[in-house]
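These are the structures in question, set out in turn.
Across the two complexes that follow, chain A remains constant while its partner is chain B and subsequently chain C.
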Partner chain A sequence: MHPRAGTSLGRAGASLSRRRFLALSAAGAATGAASLSGCAMRVSSGVSGDGETVTVMAKPDDISPELIRQAQKDIGVKIVTVRYDITKLIGMMTNGAPPDLVRGVGATDAPYFAARDVMEDLDPYFARSGVLTSSDLDPVNDLWRYDGRTQGKGPRYGMAKDFSQDSMFWYNTALFDTAGVDYPPETEPVTYEEWLESAERLTRRRNGQTIVFGGSYQGVLTPNLLASLTASAGGSLFSDDFSRIDFTTPEARKALAWYVEYGRSRVGPSIVQPDPNAWDGPTYQAHRMAMSNSGYWLGGLINTDKKLAPLSRLAPAPLFAGGRRVSPCQAGTGFWMPKRARNKDAAWRVFEWFFGEGPAKARASGGWGIPTLKSLRSLMPAQEDYQKRVLKVQNAELKHFSVIAFTPYASADSLYALFNQEAPAAMNGHLSVDTLAGRLNSVMNEQLKRGKEQVG
Partner chain B sequence: MTATRVTPEPAPRVRIRVDRLVLYTVLVAVTGLFIGPFGWLVLSGLKTPAELAASPVHWLPAHVQWHNFADAFNLIDFLGYARNSLVIALIYATLVTLSSAWVGFGFARLEAPGKKTLFGVLIGSMMLPQMITLLPTYLIFAKLGMVDTYWPWVLWGLAAAPYLVFLFRQFFAGLPRELEEAAIVDGCGYGTIFWRIFLPQSWPVLSASFVIAFTWSWGDYIAPQLLLSTDRSTLAVAVMSTYVTSAGTPVANLQATASVMYVVPILLIFLIAQRGFVAGMSTSGLK
Partner chain C sequence: MTVDQISVTGRPGTDASTARTTPAARPRISMTGRRHRAFYLFTAPWITGFLLLTVVPMAYALWLSFTTYDGISPHWRYVGLGNYSELFSDPQTWKSLGRTGLFAITSVPLSILAGLGLAVLVNRPIKARGLFRTLLYLPAVVPPVGAGLTFKALFDQNSGAANGALTLFGFDALGWLADPYARYVLLMSVLWAAGNVMIISLAGLQDVPRELHEAARIDGASAWRTFRSITVPLLSPVLLFQTVTGVIASVQTIMPLLLTPDGTTAGVTALPQSNYLYMMHVFSQYFALGRYGYASALLWVLFVLILIATGLIFRFTSGVVFYNVDPEAKK
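Entry: the complex of A and B
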């Protein structure tokens, strides 16, 4: 340090000493911070006033600002939302202060979090509820059950807000007419092989660009899709204890080979040919997609387009030649309550209200999914002829619903990332299906092994 | 004689014009390359959803959808989120500029054992990816009760930023030693030297530092997403995730429009502080 540093700072006459500067800086910062941090500002979606507060981790479309205000009016509970973020969720849980309700995808999140013992068993709550009774729950809610080994059995840990049978598909009859392809039947499923053949005939290209996708078949997340495809071929992607995955069984290999062929043929969006719109809706609406592997929920969009709706039909979930007819739900998005939630009773009141009262009725009549309470099915839109036609196909499909149990030892996102690392080479013709199956087994089983060690 | 006067003149002029032509062509091409994505964003924000999904691509909107600006503005509380972004960015940019200047001054003008090592550690911390510190950062602020407040930005601001410290250190190291010595002879301490002599001379760097810090904070998605609840969050988070229908489907054209509006304050600040920003970067030895 300079010899005089520190000696002259306090001299009289120096207009601003170091101490004074530091003191003023600190005081200024503290004053400013206190005045700001004490009341970090809310945007107008926030609610205020008396009443219990429930923190809900959700995505913007799960609970809108209008719904938050409605909750305060209907049940006197203030809902504070934090945006869904897995890192934040882990941070909040590690800190011992998780949200009171968390959004989740029943098909994959339920076994993952239940196996880690962070979810509240909701059976006692359902048992004493006058709004959500077990007999009224649609079987799709079994996605939120886990008995310590298998999904679909045991205590309930959450509930789906609405659902679709995600292996079904919509088709645009005008594009079928243009291509001279027969419509898929509405009562019996086509085979996956036939679906792909139709998709190839329906695809239109110009100057190397795909003008019309013959068909999109991507499922909700690829791992769920592959598990569903394997079930449709008559097998299971996971071992009995869900600790291993095997793509080399005849059924899983058939499913994998079909999906690789789907990507290779470029008939629809895939990891090697992404749709810039990121999802099927706008492309289907623009008459640029002849078939879209979306369940009933896409009707919510289709019904708003008076030209498209009469041209659109819903078809049953395909099956593999020689396979079995299954029509699972690959999402079942809803909410669960963390075991260490601080305000469980108020959270359950929000749960009941959201899944069984006003918001549930509004969702049911909106057409963006099948209600998860049987008593609300009568609210599904059926005013127009095309809506009645779609509803008939959907109602007939319900009896083919079954839970395709997912592994609790890895998140669907992590398996999806591993799939995306390996699959493009096969879809681009640089890797055989058998080699891909071997590689997927290797990397995914390593992931599952680590997960099993964590869960114990 | 006449010939000797005339012949050498035209060639250099032509060469200069050709050189300039090539230079300007390259500059226009590079500018186009950089402006291209923003231009596409603007065009996307003026289309209907159907036109955005059309193939072959519609380069220009058939009917310009000016109302997209009003729709994007009204679909969310745009002003509320913008206000939150502005407050956070101003807190952080002001504090971090002052604290970085203070620290940079120390590294440039004071001597202490281990100064070089400490400076190396400081600069080395720039190599640490933000993702690694994400969860520990959340836990620390949660334990301190600072989640869902603006305190984290105050603390980050007071803690100085390595890059800005480096910027100031380079600038202060270039100022003549005589300035400091004369001040000491006049009875000034280092606090006064910093505050009354060095800081007033560093407006270009202060300006550059403020613009950089403001841009960091304005554009930051991760920290507000992690630390703030939905209705206290910032415009970056809102624009990224709030433009969806009630069914959760994205509204891409309005998101593009909102993104254009989101960028405007940064453009304005840069245009206002442009001269200082460029001078600051060039006088700090970083070019």
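Entry: the complex of A and C
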């Protein structure tokens, strides 16, 4: 599981360092604000939230107590946080008292909630804002657009706080040296088949236990990963109107077969070999994982470890032999505003501040993701040689960025749950890939059909 | 209102003017009335809680069970008994129900036996008895979430202490949290909380009259015979209580949820099949698939099944449970 999918467990290991980082950066932001603001700070939309209270449904890592105090100081808005919980969110929305801002994964939540008409169209706010201008918005923010049919077009319903190209992977050169495996190139992608072969050679086992995982490749959430893998094989997982899914097309089957083989080979964590940490960070940091399918954001952790950082390199997203090079963002986590939010203007002021002012600059310089405003790119860490090296790879990869649209008719969680229900049998060798593809089609299309009826 | 419930203020020596200036006397309520009032006053908080937190949600769930509501989408509709009929054709429902039944008939006797055994041990006059009682009860007060995370860490294939011990002695590591071993980890997690059963059994044991044991000993009965013929019958109401509450708790257990592979809501369906119990199916339908209507139907069916199971337990144990007082004597 990828922590950026939003699992609270997944962030557990990172939270301390990230909070600490945010606390330090708050002080840094205060002292450096003058110089930074000279070049980047712009006039807000004129919407004032001074003295108001805004309820934000988030995870503890999204908005730390230090950041809440900073908001009060910077914009005079009191932020009250409610821990993110989809059940609680539904309850609050049903009661007509939703939070003013809600955390969400742009890649999957945006079409789902927008299609159900519970999100506020933020275009009028963006049009008035001097902080968040359309020309400055990175294309990744298009994940938060939905035109009633397709993701990536139409009104903006939210914004990503930072992003990564989540099909890329980090690798530990020391573990490659130990296993005598050639490093993956930093400019050209390896194929998925080569990646898996390397992972098998890098895996070390003893007495039935895995001492070193050759590689982890789980994406942000399995449905997004499978959609990305299928795109990399040159196809599309969903039908044109997103009402159906098909794992039996040659491209989708190739993607599914690869992922089943990844699980079966036990070279890395998967649903049949779960990582108790629920994310790659601690295992990678302990030099027990040679490759980690995490995008640029993992650098936020790696950069804090002076021994690990020089040994770590970032590699482009793999592709299937004969496929095409795509490097999407599978998350784009950020915030959206419910249509029935009570304090929209003040919420927008928090939105502007969070995505375009002090906190955004702090995040950009921390290395926990690529800033979602182009103007903040210059703040990405590049002091050390290894940081420059990683940044070079990342900048080259941006050319291959694309938005892979997700269905609005089912939540990513529901498709993930259905995948989990069917796939272990195949990963344990009790089911063929073709049978699995058929079963997935059956249960997932049933879920999509129900969703389509509900959306209307 | 009867005459004896209201006392007239016309006491001797009270004239009319005094009667006029005296505040109106409060009607005197009979003892029965007072008892009724006290009963309702004392039970009102519970009744209010029961109505608001049990009856209303159950009624709401019943209404949901006739719809396709998913909590958020605008176009839900009534499906009548559609969710209930789907339930009968859903293989996961029957499989998970079967596993749950198996889990109940395995875990309840095991935990009662373990708890009773521990209670017998710490009921003996041994040194540091208080310390042993505390230590044995301690795991039962660990919050289930903490216990679940501890079990996940202990039984992790690659870094858990259980496999650490196995490999130390030259054995290969086992995939404890996967089939076929996951069911044993779940049972261990149930036994982990056997302190609960122990404490109730201990209270029951201390209620067994000592003279009966002494009489049996004088008659030459062995310890086992004494336990079987005196202790167990006198403890039978306690054992019945533990059986009924144990069955209800085991059918409703969410412990496997705490052992989900990736800790996410959707991870519930990745549980090893042996631990995918009925409540896991309910949870996945509610929170992973957003099928509030269908999940509510599943819960209502479970509610009826629990009622039937409880009734059957009472029915089949009525002849073997010994009461010190005749429960039928005074109603």
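Just so it is clear, the second predicted complex is superposed on the first by the 406 of 456 C-alpha atoms of A that agree within 3 Å, B and C clash if a C-alpha of one lies under 4 Å from a C-alpha of the other, contacts with A are read in each partner's own complex, and residues count from 1 in each chain.
Here, a contact is a pair of C-beta atoms (placed from the backbone, for glycine too) under 8 Å apart; a residue touches a chain by one contact, two chains touch by 3 or more.
In this text the structure is predicted, and so the values were computed from the model without any measurement.
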Which of chain B and chain C A:Gln209 touches, first, second, both or neither: both
Touching partner for A:Ile90 - first (chain B), second (chain C), both, neither: both
Touching partner for A:Tyr416 - first (chain B), second (chain C), both, neither: second
Contacts of A:Pro60 with chain B and chain C, given as first, second, both or neither: first
When both partners are placed on the shared chain, which of chain B and chain C touches more of chain A: B
Partner chain(s) touched by A:Gly180 [first = chain B, second = chain C, both, neither]: neither
Partner chain in contact with A:Pro274 - chain B first, chain C second, else both or neither: second
Overlap of the chain B and chain C footprints on chain A, listed as residue numbers: 1, 5, 7-10, 87, 90, 94, 206, 209-211, 278
Contact footprint of chain B on chain A as seen in their complex: 1-2, 4-11, 13-22, 25, 29, 32-33, 36-38, 40-46, 55, 59-62, 64-65, 80-83, 85, 87-88, 90-92, 94-95, 97, 206, 209-211, 277-279, 281-283, 285-286, 288, 297, 300-301, 366, 368
Touching residues (chain side chain C, partner chain A) in the complex: 68, 70-77, 92, 152-153, 156-160, 163, 167, 171-175, 177-178, 261-270, 284, 287-291
Of chain A, residues touching chain C in the complex: 1, 5, 7-10, 86-87, 90, 93-94, 113, 116-118, 206-211, 271-276, 278, 411, 413-414, 416-418, 420-421, 424, 447, 450-451, 453-456
Residue ranges of chain B touching chain A (in the complex, touch as defined): 49-50, 52-56, 76-77, 80-81, 83-84, 87, 91, 95, 98, 109-112, 134-135, 138-139, 142-143, 146, 148-151, 154, 157-158, 184, 187-192, 195-196, 225-226, 228-233, 237-238, 241-242, 244-250, 252
